[in-house]
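The structure under discussion is supplied below as structure tokens; questions concerning it will follow.
So that you can tell them apart, the chains are marked A, B, C and D in the order they are listed, and the count of residues begins at 1 in each.
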């Protein structure tokens, strides 16, 4: 076995993948409803409550009733138990449920798994949701929570990190980011534009956590260093909230209240030697092979390329996590993403590649990437707060640096 | 070092103190602490909601009310543990499923009824036992 | 337009178990690796052919770590399903939708020796920590209703009461399971068959459930390989074509503690799942030659027979009485490998036995078995498969 | 400033199971070993029960390592938000590429954060943050 040979040689093997004409997801499935709660720093409600509201709104948005729903897709990380959720929503019989692990890496896989279910008749209308109280409740991303309930690392591989005070996803990511900066000679003073542009987007989005709180490039560079090279404003915004989408078949979608947003491609990738942000024993640490695989598969299925994409929603747990994806997805060359974002014009709403137009996870909300899917849907419906003119295709990705997933959506 | 087969000797709280993790059920437990039994009911279609929840499964309304109930009912089923799975419980002990007059069912323990005396449809009524200063449990005794 | 169905699109082409033992002393990681490599080999495939990984959420070994050891270079579909063997259905959707070519399902547990025994309070607490059903446990654990056995016993008592069933007669289910298990070298429990007396003398686990009503834990791993039905023809083994696959849930559904629904002595999830399963497969229950039902708890077997329509409500125990109908030459040979009662509680073992019946390699082979039914998840969300010979 | 711990907050222990017990047992003895597949002559980190190249479970062995390598990347913990409360900030976690080719993380225990750089030669050492716990660590080494 040649480990990650396709990635190392940048030669994607179409012959290893199922033929595109056998793919029942491509163009045959669609997103027909979206819903979300208010995004806040403290919802004063639990995740079950938030999930119910977002799902109800998505069902309403699709012009359906709860009785139509027969599929449910959740992240394994979600604290809401499925039976409890089903009991609150009053869904009589779910014909299909599945869960996706890998945290934020599963955000688009949720949609993909739902699409596979409707494409094969396993269900008619599948709800995809994520609810979390990341701001006010238990924080996945913080080191201080662990001491309260752990005495030892929970798995074999974490045993090589946790005893060394190395137990937060952002610090794990800082490790590969630093290596990437080293290999490509990135200068810290050139960074920050990504965060600034996303904050600009948030100023037009009243749902965004950072609505009404603009950020200048100077303000960015004055923000505290969390863990070099990551500053406070490189990092996503802990949020309480929930978002949901409804997936069905393309033919059902035609007769629904909103113009359908078709799934032109859906992909998931878990490359070998990948861990959750600690994939330090892959041949290349300064890169995101999972994003490259997802990108290649999305382009193979859709027949589109980077030049065909009108707007991108790239999962940004921290700025570099989104920016390096620009390289892996072919929007710029290796080591060029900081230049790509320099000054911000290319990623603004009238730029070459409008990026994370709701403010993304940095400035809108951190709903584990399901809010990037909803923003892509709004762009293709033409109802976004920062609407890209004539947007017809959107790419959406899930968490970088761990097994991930992605979608290409089209009008 | 920790090995998976041999867990740390745990300091085990009473399982009652694991409760009230969801906000939906907080009013229920607050009432129990006041020695009252109060159940959640949908404001729209008047469906009883037990366990408590943020949305009514019948009409999807998010509005609900808390209604004091009599605490009278009858035994719908029960089990008896001949060996205790937890140090807080002394075996043999029974767990009963009570169907309240309102039709809602609650899991509980019998109060003053020995395991061998339990019978299907036995009329029972609620009693309360304090576990801590701000936490109580509801149990059921033979109805008078 | 392509017909949207899972019927006949996929096939189980590889199965394997590790040694199953009451106390194996190996890690779940190691068990998973062995089971997966053996199942892929059984199928006559290379590891490079595997591009999807599905498993149960409660299984400890994440696909990422499986990949590190068994060398799956890039998994294009990964799913953690929640209950029973429902991950096999998600795997089937992935293949049928053209997302991947071959999916491996695996399960590995130290149920005999390790922390997943399920019936001690630490495991119960752990379940809470994993957020499985926080709200519901709030209303059970304070009263010492802490174990799955206890949750099931509550339902079992009501079931026996409502239908006026003599509890001792439930014993025919473990008795017949022991007969099958004694013939199956993979089944860890029951070196020889027991009689009904042994059942009525067995200790009460949680009254009314006896020890012999409850499937014991076991250490071991298993794996199942699923691929496209058209590709299955050229592989090493006789394919078990997935004729139908389905899941079912119902409102007021919980995991074993469905106490808020009108009739707690019923398994509506199994009924709904069964209706869907037979609809997808396009056959009638009378076409089933052999069945593997979920016997984690013996009374639930009787309830499943009723919900699936093999007998009238309340007559499931009578159906099994004396064992004649459910033995290998009976109307409905049932749990022919010894079930979970004889082999240990591990979802997937039932599927493997269902596949063996199609291959003709069961230790209690049903003559000319063409169509094989398997059900998992009784007492919670249910799932099932109908397999057929190619 | 060398690595310092905060008294009273236990350090999280490694997870030890039969798949990696020889590694942590060796660390207890102040010995450093790495897992290797003798069929493929490939080192594997983290340890695992099977070689992903030849799918053998019997060819895995534990071989002594000189414990030498170079810093491949590193993270300085400067803010409470990211740090473990049992360790005084700032502290450094280094990712070290060992001479054998595998990469491991640990703290660097004898260097100031601003002394650490990518390519810095380091070697394994050991410390005991609390009673009954021995960890491998890294310290600087003359190149």
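Assume contacts are C-beta pairs under 8 Å (C-beta built on N, C-alpha and C of every residue); 3 or more make two chains touch, one makes a residue touch a chain.
Worth saying up front: this structure is predicted, and the values here are computed from it rather than measured.
S.K.: So, comparing C-alpha centroids, which chain is the farthest one from subunit C?
M.R.: Result for max centroid distance from subunit C is chain D.
S.K.: By number of C-beta pairs in contact, which chain pair leads?
M.R.: Summing C-beta contacts for every pairing gives the maximum at A-C.
S.K.: Quick one: subunit C and subunit D, Cα centre-to-centre, how many Å?
M.R.: Centres of subunit C and subunit D (C-alpha means) sit 42 Å apart.
S.K.: For subunit A and subunit D, what's the span in angstrom between their mean Cα positions?
M.R.: Distance between chain centres: 32 Å.
S.K.: Taking each chain's centre as the mean position of its Cα atoms, how many Å separate subunit A from subunit C?
M.R.: 34
S.K.: Two-or-more-chain contact residues of subunit B, please, as numbers and ranges.
M.R.: Only 1-2, 4, 22, 24, 51, 53, 57 qualify.
S.K.: On subunit A, where are the residues touching two or more other chains?
M.R.: In subunit A, the residues touching two or more other chains are 1, 3, 48, 84, 87, 90-91, 151-152, 155-157, 272.
S.K.: On subunit C, where are the residues touching two or more other chains?
M.R.: Those would be 27, 29, 47, 65, 67-68, 71, 134-136, 251-252, 260.
S.K.: Could you pull out which subunit A residues touch subunit B in their complex?
M.R.: Subunit A reaches subunit B through residues 45-46, 48-49, 52-53, 56, 66, 84, 87-91, 151-152.
S.K.: Applying the document's contact rule, which stretches of subunit C touch subunit A when the two form their complex?
M.R.: These residues of subunit C touch subunit A: 1-6, 9, 29, 47-48, 51, 53, 57, 62-65, 67-68, 71-82, 86-87, 89-90, 92-94, 96-101, 129, 131-136, 246-255, 260, 272, 276, 280, 380-381.
S.K.: Quick one: in the complex, what on subunit D touches subunit A?
M.R.: For subunit D paired with subunit A, touching residues are 9-17, 19-20, 24, 45-47, 52-53, 72-87, 91, 93, 95, 102-107, 118, 129, 133, 135.
S.K.: Quick one: in the complex, what on subunit C touches subunit D?
M.R.: 25-27, 29-30, 33-34, 37, 47, 65, 67-71
S.K.: Can you list the subunit C residues touching subunit B in their complex?
M.R.: Listed in rising order, the residues are 27, 110, 113-115, 119-122, 124-125, 128, 134-147, 150, 153-155, 157-158, 161, 203-209, 251-252, 257, 259-260, 264.
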